[in-house]
Amino acid sequence: MSDVRLSQIIEELGGELLGSGELRVSRIGPLEGADASTLSFLAHARYQSQLQSTGAGCVIVAPAFREAAAARGAAIVTPDPYLYFARLTQWWAARTRPARPAGRHPTAVVSELARIGDGVRIEAHAVVEEGAVLGDGVTVGAHGFIGAGVVVGAGTRLAPRVSLMPGTRLGERCVLHSGVVIGADGFGFAPNEGRWEKIEQLGGVSIGNDVEIGANSCVDRGALDDTVIEDGVKLDNLVQIAHNVHIGAHTAMAGCVGVAGSARIGRHCTVGGGAGILGHLTIADHVHISSMSLVTRSLLQPGLYSGVFPIDENAAWEKNAATLRQLHKLRERVRALEKKTTP
Amino acid sequence: MSDVRLSQIIEELGGELLGSGELRVSRIGPLEGADASTLSFLAHARYQSQLQSTGAGCVIVAPAFREAAAARGAAIVTPDPYLYFARLTQWWAARTRPARPAGRHPTAVVSELARIGDGVRIEAHAVVEEGAVLGDGVTVGAHGFIGAGVVVGAGTRLAPRVSLMPGTRLGERCVLHSGVVIGADGFGFAPNEGRWEKIEQLGGVSIGNDVEIGANSCVDRGALDDTVIEDGVKLDNLVQIAHNVHIGAHTAMAGCVGVAGSARIGRHCTVGGGAGILGHLTIADHVHISSMSLVTRSLLQPGLYSGVFPIDENAAWEKNAATLRQLHKLRERVRALEKKTTP
Amino acid sequence: MSDVRLSQIIEELGGELLGSGELRVSRIGPLEGADASTLSFLAHARYQSQLQSTGAGCVIVAPAFREAAAARGAAIVTPDPYLYFARLTQWWAARTRPARPAGRHPTAVVSELARIGDGVRIEAHAVVEEGAVLGDGVTVGAHGFIGAGVVVGAGTRLAPRVSLMPGTRLGERCVLHSGVVIGADGFGFAPNEGRWEKIEQLGGVSIGNDVEIGANSCVDRGALDDTVIEDGVKLDNLVQIAHNVHIGAHTAMAGCVGVAGSARIGRHCTVGGGAGILGHLTIADHVHISSMSLVTRSLLQPGLYSGVFPIDENAAWEKNAATLRQLHKLRERVRALEKKTTP
């Protein structure tokens, strides 16, 4: 992780440099706590005050902050500093993380009936079953399980310990983190005299390109048709996607979200951590759901939706919660008063 | 997955056939989007309108829809179409999924002190420790971990990457999906001058027959006695069952449910996704809990219980939530008004 | 698990014995259901009535219950019976669980560039990459993955199937249960014309001493700086800790808790099961959060905080929830009434 000259960064990522291209930085860091070797960024105007106090060697700023930045030292001016920062991290990671060569670890168990592309890396103790197809440049992490007939698109990277059950099709350039399970059975049972009769899940899972799925998240196979996740979807850790859910492109869900069966979620939505979406609902494009809210009805208009009991000191909460249980009666009492006071 | 004649299905699963037994179907699918090669089903009267519009080659219906179904083409008449459908999926899966032979993969590490039944399949890289007992026909998926002394009943199927820690006893014909952890330590600590002193968890986990547990779900070992899951219980993905919980037979819990320590849950209950049950509570048989509700007291009567803030457009939610924090005062104001207006 | 004399226990753990040291017990168990071979304990005064009815051979009690305990049989008197019980379980577990010898299973894949301390146990199919450092007495369970450069402190025990991604540093005497993932990428993306641009996560995870993390829980690596978990923190199962969270020493979180990015949580806090904490908030020391409450603002004073809709019979809930959606209007109606009735 040797340091780099600012001119190198500009060469790679563009932007307008204020100050000397010979200046060197050795880390990327937040404005607060930055020193002369740190390259930092001002993502939001609300952190503007930190621009004066930071010790960062160079700061990435929007054109509106050109003067303020120049007054304090080196800067990179770019229309969207946060996006520039994102690309900088990508370049930085590629530069500093050791390249991992293609090849098959001798302990990996790879079926002769699997089709393995060029430049594929299969790590220790991974299992690739018959009929699986791994596109060019795929990485299967240690202890990965790639079931029979599974298709993994080119450039997709599976962290250690990912399970792709038979019936899974993954697109290109996806990233799946450790502990992810794709294609386990959906939760389907028919009631039968007080017992549950299993509905075998005959569908699969179809995942688009550029999808990222966080650690220990699950996407179940469909009952009859496929569960579908479109291009560019991002799921955080410990997310549960039930059978036959359909998630539109570029939707993002934070940690611990649960989506019940056959829900149909639009494109460009965001779902806050711990939120839930009931089964068979439809969510329009550009819907945003607050953390830990439960969606109990279809949301057909874009917008921000919330539903969570406000947190309070416990004593206050207890009083309000107790009153809430009588809320309907309270409304009736107000009605009675209204009648009484109306001549 | 070659096609089948309807007469074959009737032979296997019963039901009354309307139309020709020579008709062939090659897939099972929902009414919507079905074509002439699709066998579909009408599970609820509310989908009745789809019966006329579907292109399905054959539809499974209840006797009440015999005429309507016959008017449009082939049909199978049976008292409970959804149950028939469930059994059809089972037969279909058995027919179309390649049989996986018994045997032990050479990379599996199986203790000589384990007792392995007939027809057991142990997949690649699995570990079976000393004293473990695998009944006849058990499958241990790839990367499975079967701890010392664990007992797995006949016909139970463990997907790849399941951990059964020492002290676990599983019944017959269970299905555990990828990433399940049974028998990790319960969360027990005694406070000691601001620190936590570990309470070693000396109990185990006892799971009955025909239990299914979803991907990445956890059932902790008991502190002193066992955590108990009775016959026919179905747990979805990412469910957390704490130490010494007792779940009655044929209870089902949807994804992301959490049950705290020593809760005692009855038989034939259902728990909606993301719901929580506090510790040491008692839940009667036939209790149904809505998604994301928190059970804070014992529920001793059967019935449906709910407790979740209704979702709304964020602006409306904000106003109502702010008022909610003053709800107790609002009640007092109503009381004052009542006093004032009472002569 | 042969039985032990009470005098042995007193010798090991202290306490004052009432009755004969020759009395033998063979199990530890709750007061209810205990028999003459059971050593039990009275942890809370509220279980006092069970002291008379229990059949336990010996009961651990506080000094206040000395007489009542002596009147019924053998007892161990100690200032904090629950803490005594915790230590008893530790001694009991050490005595009854078979010691697992140090050594490296032949199927483990251990880099020659890893540094392995004395008395380390590496179980079957584990993977230890280059530059990893395992302190003395560490256990890496079966199928464990220890990424390049990861540091694991002395005496730390990893259950089977734990992933420590590169950039993770674990302290001494930690316990990580099966399925834990430390150091997966935090959930960071910059919006870019309706798509998400990945922010590579360049930070790591720093975990102190005596930390315990439950099954299938996740702690993400930091975006730029580290995610930090201080000494003595206890996390239950299926907990999600996002990037750059900081958890103060001796804080405990129950199952299914989710903490969003950059939240800063104090020392000696407790968080109930399923609760959520939004990003960038500050929580003071000694804050206690009720189960399934969502923390939406910083909590700078110690105390107990709650926010959850009270559960009720569904019919009652429906009425109250419907009224709640009109709560703001209800308040306005009360205001109008107040105006009207004020001369």
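By written order: A, B and C. Residues from 1 in each chain.
The working rule: a contact is a pair of C-beta atoms (placed from the backbone, for glycine too) under 8 Å apart; a residue touches a chain by one contact, two chains touch by 3 or more.
In UniProt terms the chains read A, B, C = UDP-3-O-acylglucosamine N-acyltransferase.
Bear in mind the structure is a predicted one, so any value in this text is a computation, not a measurement.
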{"item": "Numbering shared by both copies at the chain B-chain A contact, with half separating same from different", "value": "different"}
{"item": "Cα superposition of chain B on its sequence copy chain C - rotation in ° rounded to nearest 5", "value": "120"}
{"item": "Between chain A and chain B, centroid-to-centroid distance (C-alpha), Å", "value": "26"}
{"item": "Chain C residues counted as touching two or more neighbouring chains", "value": "107, 125, 143, 161, 179, 216, 238, 256, 274, 292, 308-310, 312, 322, 324, 326-327, 330, 334, 337, 341"}
{"item": "Chain A partner contacts - residues on chain B that touch it in the complex", "value": "27-30, 33, 80, 82-83, 85-87, 89-90, 92-93, 96, 98, 105, 107, 123-125, 141-143, 159-161, 175, 177-179, 210, 212, 214-216, 232, 234, 236-238, 250, 252, 254-256, 268, 273-274, 291-292, 308-314, 317-318, 321-322, 324-328, 330-331, 334, 337-338, 341"}
{"item": "Residue ranges of chain B in contact with chain C within the complex", "value": "107, 109, 125, 127, 143, 145, 147-148, 161, 163, 165, 179, 181, 184-185, 187-192, 194-202, 216, 218, 220, 223-225, 238, 240, 242, 256, 258, 260, 274, 276, 278, 289-290, 292-297, 303-310, 312, 316, 319-320, 322-324, 326-327, 330, 333-334, 337, 340-341"}
